[in-house]
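Comments concern the structure below.
Chain lettering (A, B, C, D and E) follows the sequence in which the chains are written, and residue indices restart at 1 in each chain.
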Amino acid sequence: MLTARLVDHIWSTRKADSLSGLKLMQAEIIGGGTDAGQRIIVVDIISAGIGDRVIVTTGSSARRMLGNDDIPVDAVVVGIIDEDCDFE
Amino acid sequence: MLTARLVDHIWSTRKADSLSGLKLMQAEIIGGGTDAGQRIIVVDIISAGIGDRVIVTTGSSARRMLGNDDIPVDAVVVGIIDEDCDFE
Amino acid sequence: MLTARLVDHIWSTRKADSLSGLKLMQAEIIGGGTDAGQRIIVVDIISAGIGDRVIVTTGSSARRMLGNDDIPVDAVVVGIIDEDCDFE
Amino acid sequence: MLTARLVDHIWSTRKADSLSGLKLMQAEIIGGGTDAGQRIIVVDIISAGIGDRVIVTTGSSARRMLGNDDIPVDAVVVGIIDEDCDFE
Amino acid sequence: MLTARLVDHIWSTRKADSLSGLKLMQAEIIGGGTDAGQRIIVVDIISAGIGDRVIVTTGSSARRMLGNDDIPVDAVVVGIIDEDCDFE
């Protein structure tokens, strides 16, 4: 899984019907390497907030988090890294 | 999901039969990181236009957007980022 | 989807039985970004030729192009970019 | 598969219910290339320890290691590289 | 598909039961681009040898090569590039 920091919401009025009601967030990849600093869009259903460091599952596995295999998402927050956890 | 800006149409007369009638667009990845600036081809079925910043779902999840698991595409626009949304 | 230019055939006498009869080509990724210039191997079933710029679908979606989910390929040509299409 | 070195545990109190009880570890990609040095999060169910060099399977194949296709993970340790094996 | 050169065996005594008996090899990605030089671990079931240049299928498609969708691997040799084939 990737690690990322949630940096903001992302607003998209015109979108797939199946995404309605899902919270979409901008996340910046952390953890070093050449991908660090890239912003991606993730779905959050565990009430993470801006500034949180999160664990992001990508690909088909992301759909497993939503319990609905028909939703077209490929990146979902599956955990919030504890604040006192040494990372990065 | 990736973020990208739609930069142009892409024309392909000879293509998979199952792609007939699908709008294919050139999209330039945004959001920073080393992938920024790379052009990819995406399918759009929500009437996005050139210049729009969009959210792109990739991989098997992209097929979920089309409601037909047999179409050989791996990148589909799932949302248009609102114009007044602060991004990039 | 990726874009690539077909640069040559690739010859592999010893290979998976299920690949027998499939045309394998060397393709060089185009479209800018850090992946540009990388050579990958793609399957072509729409009679593309050396020099053609093509649209390549990757991952599980590539298998959808072959109509046989058991063939171990992850990159297939799904379209040939029109010669007069402005790209790259 | 990727190769990585396990560098630490990762603690996430608030996470997907289906991840409860799974050991999550921070792993640093090794093996050269531009991905080397990037930290990812992996699941370990074969009792690997900090400092071990491991083989990591990613994507949908990672779920096969857990014997439960509904768990939203995309990176799992599938083997520990023998200490006397020449690598990196 | 990726292209790689097989550089050595990889030894892993403690590993997933389902990997027992599968030949695991270290492969170095070739073909130019930023991924060139990265070492990955691949499964070989077509008797490739050290030094061979091979075609590697990744992701869920790799499992198709093994005829068993439950084995947690994401990179499998699907062909050996002929020695007299001009590549790289």
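Going forward, a contact is a pair of C-beta atoms (placed from the backbone, for glycine too) under 8 Å apart; a residue touches a chain by one contact, two chains touch by 3 or more.
Note that the structure is predicted; figures quoted are calculated from it, not measured.
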{"item": "Set of chains adjacent to chain B and to chain D", "value": "A"}
{"item": "Steps needed, at fewest, to go from chain C to chain E via touching chains", "value": "1"}
{"item": "Where chain D and chain E are represented by their mean Cα positions, the distance between them in whole Å", "value": "19"}
{"item": "Junction residues of chain B, two or more chains touched", "value": "34-36, 59-60, 62"}
{"item": "Topology of the chain contact graph, where touching chains are joined (line, ring, star, complete, other)", "value": "ring"}
{"item": "Order of the ring members, counted from chain B so that chain C is second", "value": "B, C, E, D, A"}
{"item": "Parts of chain D lying in touch with chain E, wherever the complex brings them together", "value": "1-3, 31-36, 46-48, 55, 57-62, 64-65, 76, 78-82, 84-88"}
{"item": "Touch list for chain E against partner chain D, complex", "value": "8, 10-16, 18-19, 24, 26, 28-29, 34-42, 59-60, 62-63, 69-75"}
